[in-house]
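Two complexes, one shared chain (chain A), two partners (chain B, chain C).
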Partner chain A sequence: MGANSHQESFPWKHIIGFLLSLVLTFAALWVALSSGLPLKAVIGIIVLFAVIQASLQLFMFMHVNESDSGRMQTFNMMYSFFIAVVVVAGSIWVMQFVL
Partner chain B sequence: MKWSEFFVTGEPLIYAADVAIVLTMIGIVFVLTYFKKWKWLWDEWLTTVDHKKIGVMYIICAVLMLFRGGVDALLMRAQLTAPNMKFLDAQHYNEIFTTHGTIMILFMAMPFIIGLMNIVVPLQIGARDVAFPYLNALSFWLFFFGALLFNISFVIGGSPDAGWTAYFPLAGNEFSHGVGNNYYAVALQISGIGTLMTGINFLVTILKMRAPGMTLMRMPMFTWTILITCVLIIFAFPVLTVALALMTFDRVFGTQFFTMANGGMSMLWANLFWIWGHPEVYIVILPSFGIFSEVVSTFAQKRLFGYKAMVGSIVGIAFLSFIVWVHHFFTMGAGPAVNSAFSITTMAIAIPTGVKVFNWLFTIRKGKIRFTTAMLWSLAFIPNFVIGGVTGVMLAMAAADYQYHNSYFLIAHFHYVLIAGTVFACFAGLHYWYPKMFGHILNERLGKWTFWLFMIGFNVCFFPMYFLGLMGMTRRMYTYSDGLGWTPLNVVATVGAVLMGIGFIVLCYNIYYSARYGERDMTGDPWNGRTLEWATASPPVHYNFPVTPVVEDIDAYWVMKKKYGGFHVKEEDLKPIHMPSNSGRPFWMSVAFFVAGFGLVFKWFALAIAGALFIVLGLILRSFEDDDGYYIPVDEIKRMERAARKGA
Partner chain C sequence: MGEAAHRYDETMPLEYRTQESRLNILGFWIFLGAEVALFATLFATYLVLFQRTGSGPTAGELFEVKDVLIETLLLLTSSFTCGLAIFEMRRGRMSGLIAWLLVTLLLGAGFITFELREFIHYVHEGATMQTSAFLSSFFVLVGTHGAHVSLGIAWMILIIIQLLQRGLTAKTARKVFIVSLYWHFLDVVWIFIFTLVYLLGMVI
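On to the complex of A and B.
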């Protein structure tokens, strides 16, 4: 789908994305604060919600499938993934001596 | 809360500052009213979306902040000149080194670089403005009000006092009770949002708005460094955003992310801070490399040596910058495996940096060098920066770092890279692009005075600090006892600091002198430049280029001059030009950010919520705004071109 080929009269995509993001955020809050699940399960579930919400936003708000330069998008996402791994795995490794 | 807690009291220096601030404000209001300039201020500056004017405002702020940070530095040097000085007490000294560091990095170096990139990048790539001009104005005003919020801390509420790194647990509620560190968290957050948006804006601008023919490998080197800097901003600043948000939660709402009790992890702050902090120093140094590349190439009158190697080494530095952050806290105790890995990645950065140094040297080789002020700054950069770089490799060895850590050796090292790198670059860029910004040249004679005073003063100030560090003097100590043998070198350092201060005063006088008597630049190309910004008038008409230039090679304007004798515009080629409309919303939305931030700092939540509602209102109004800008008709362009080129 080209960026200009389809002009929506009402931004349904954005509204749905916005509502789903809110649902996922409040669901994560509920899981963490009042679900009573064990800690590991809570962490697993909120990470899952975070990944779902990130991909949701990529499609609903950030037009990831509307670009002509697929190569660029793939490269960007791979680099983002690399930085995310560096930040998260790196932090865990570095901070292991106090964990 | 009592008034005596709201305003900082008890220090004669603070009362003097209060008086000075009130008098300055009265003075500004009086001048604007007397000369009937309020409407001009609003129409031409506060609501502008023109990248050149926004850039000028960034640079004005940066010079003001250089003054503020410089006064902080001189106060510290005064206190340290002799042993057992009573000029500043420990608390006051803590606040001053904290604001000195924070202001110099975030409110001086960053806006100076961002100001230059605002002015130059769209011109270098042959564009009419940035990709998102409205967002650009918002970025500036968020930076401005973030900086303002940070700066009022020293008269209202008290300044942050936990160092520019704000390490926990010291910066947490357990050890810092006042509002000072709330200012740090909130003010940096506000200006950080602005910086992040600038990163996105210029990335899109450079990728999408280059003139026809300007492939990535034909871009001017400054534009290349800005492109990579934007990538660094986009990936590094979110980490700061999150870390500062957690800090704000800890300090304002009582969460326990970085506390010592209840499962908090205070050292995680240092980890997150430097995941942002290390890329941040490359965010200020890579554009500096770009400025030096432009200046060296122009004044050696040669094409930049090793263009591809330069691009490769910038990309390499940017990549490595994300995997070295632990070298800022080798002594925290992470163990030999972690320290060795980060030690090696850190030393590896010296390789691409060395490649760049040799490229500049080979560019100069056999060039017809013109020793202008901008060129002097660039030539001085190379040896001074190498001193900083080599001592950096010494610090990178984790085992040896246990000796150097947090000593004056470190202080000397990072001032050698940040001043000889970034500050020299800002001055070089200021002199080089000044005619493009204001239409007249900064006086060369005064410029050289500034250069020699500042450059010699810089070495006199910071070179002794290497030895002070090796003699055991540690960072952030507010006084020291007699008989340690540190006094002579401290006296020398203070003399150097004063020389730098005099150099700065000469620069300010030069700005005034040149505005009145400086040589006007009628050609638009006073330096015989090589890149497209010199193809426009000085200062450029607000749409920059009457028709979009076509690029045939690296150094696009140089090629045009050789092939066609310049950049010629035929009047029959003119078409109406589409430009963005001004908007006052970025300004008042940023005021709302300031109000909300002030409320958060003092935990006045009603005020914070009121400010936040205005921010949301601004977002909603923008979403429903139906303003696609306006067109400048051809007759108007003809008239403006003739006016701009009059006397050329």
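On to the complex of A and C.
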């Protein structure tokens, strides 16, 4: 999608993004507190829901891939999320040996 | 920098029309990438330490589903209304833009109010920054996010004042667009605080 794409007359994209975000929020809440799934499955599912919801914000609300530099913006954010995963997972992994 | 670098592109939305604006927006995305790295270090610290509760309360004892859900819904809705503000801006509707920005501000202020109440409640229960490694890292992570939201509120108020003074121009449109990116980004961070701090804390 380009920044110069046709402007819709009704904010469908925003409304769909908002409704999906609400569904994902309540689904994560249910999985965490009421589903009775094993802990590892719960963690996997709620983290997956969070990543999907963050992507919704980036693409449907922030239009990360629009404009001439859309590709650069998207790769910049993907790289920053890669760094975040390395920092967070790496810290948890290495600290399990000391704590 | 040739002529092309300064071209004014009528086919683009207002905030993208000058080369300077396009570079400002790209630059702000790169800043957001750095913000992701900043919050990653705070999440890493929290996730390493959150089970180190010492003699203080655990996450499961402290967190209340209702309060967290109210904060989450306030911020998520404010991100949505901020998107609607940009939608109105791209249709050239100044009144719709200002109205949705004001709604966004009110929801943001509501979020900060509930967060402060939550923090005060914890402190009254004896759960302070000094209580345990869990609470130190909790207050730093969630507090840094709250400070960002507070800054966002102040920034957005200033942008609204400028809009009222100068009207909707290529320059003010770019400023509104950048503050909207910042605001959406605060909700992106909150999604992970909701999941990795509150939900995880209530499960483990």
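Worth a mention:
The rule is simple: the second predicted complex is superposed on the first by the 85 of 99 C-alpha atoms of A that agree within 3 Å, B and C clash if a C-alpha of one lies under 4 Å from a C-alpha of the other, contacts with A are read in each partner's own complex, and residues count from 1 in each chain.
Basically, a contact is a pair of C-beta atoms (placed from the backbone, for glycine too) under 8 Å apart; a residue touches a chain by one contact, two chains touch by 3 or more.
All of these numbers come straight from a predicted model, not from anything done at the bench.
Look at A:Met95: by the touch rule set out above, it reaches both chain B and chain C. Between chain B and chain C, the partner in contact with more residues of chain A is C. When the two structures are aligned on the shared chain, A:Met62 is found in touch with chain C, with no touch to chain B. In the superposition on chain A, no contact is made by A:Trp30 with either chain B or chain C. Looking at the shared chain after the overlay, A:Ile83 reaches both chain B and chain C. By the touch criterion defined above, A:Trp12 lies against neither chain B nor chain C after alignment on the C-alpha atoms of chain A. On chain A, the surface patch touched by chain B in one complex and by chain C in the other comprises residues 79-80, 83, 87, 90-91, 95.
Within the complex formed with chain C, the residues of chain A that make contact are 3-4, 7, 9, 11, 14, 17-18, 21-22, 25, 28-29, 32-33, 39, 42-43, 46-47, 49-50, 53-54, 57-58, 60-62, 64, 67-69, 72-73, 76-77, 79-81, 83-85, 87-88, 90-92, 95, 99. Residue ranges of chain B in contact with chain A, taken from their complex: 235, 239, 265, 267-268, 271-272, 275, 322-323, 326, 333-335, 338. The touching residues of chain A, counted against chain B in their complex, run 79-80, 83, 86-87, 90-91, 93-98.
Partner chain A is touched in their complex by these residues of chain C: 9, 11-13, 16, 22, 25-26, 29-30, 32-34, 36-37, 39-41, 43-45, 47-48, 52, 65, 69, 72-73, 76-77, 79-80, 82-84, 87, 90-91, 180-181, 184-185, 187-188, 191-192, 194-196, 199-200, 202-204.
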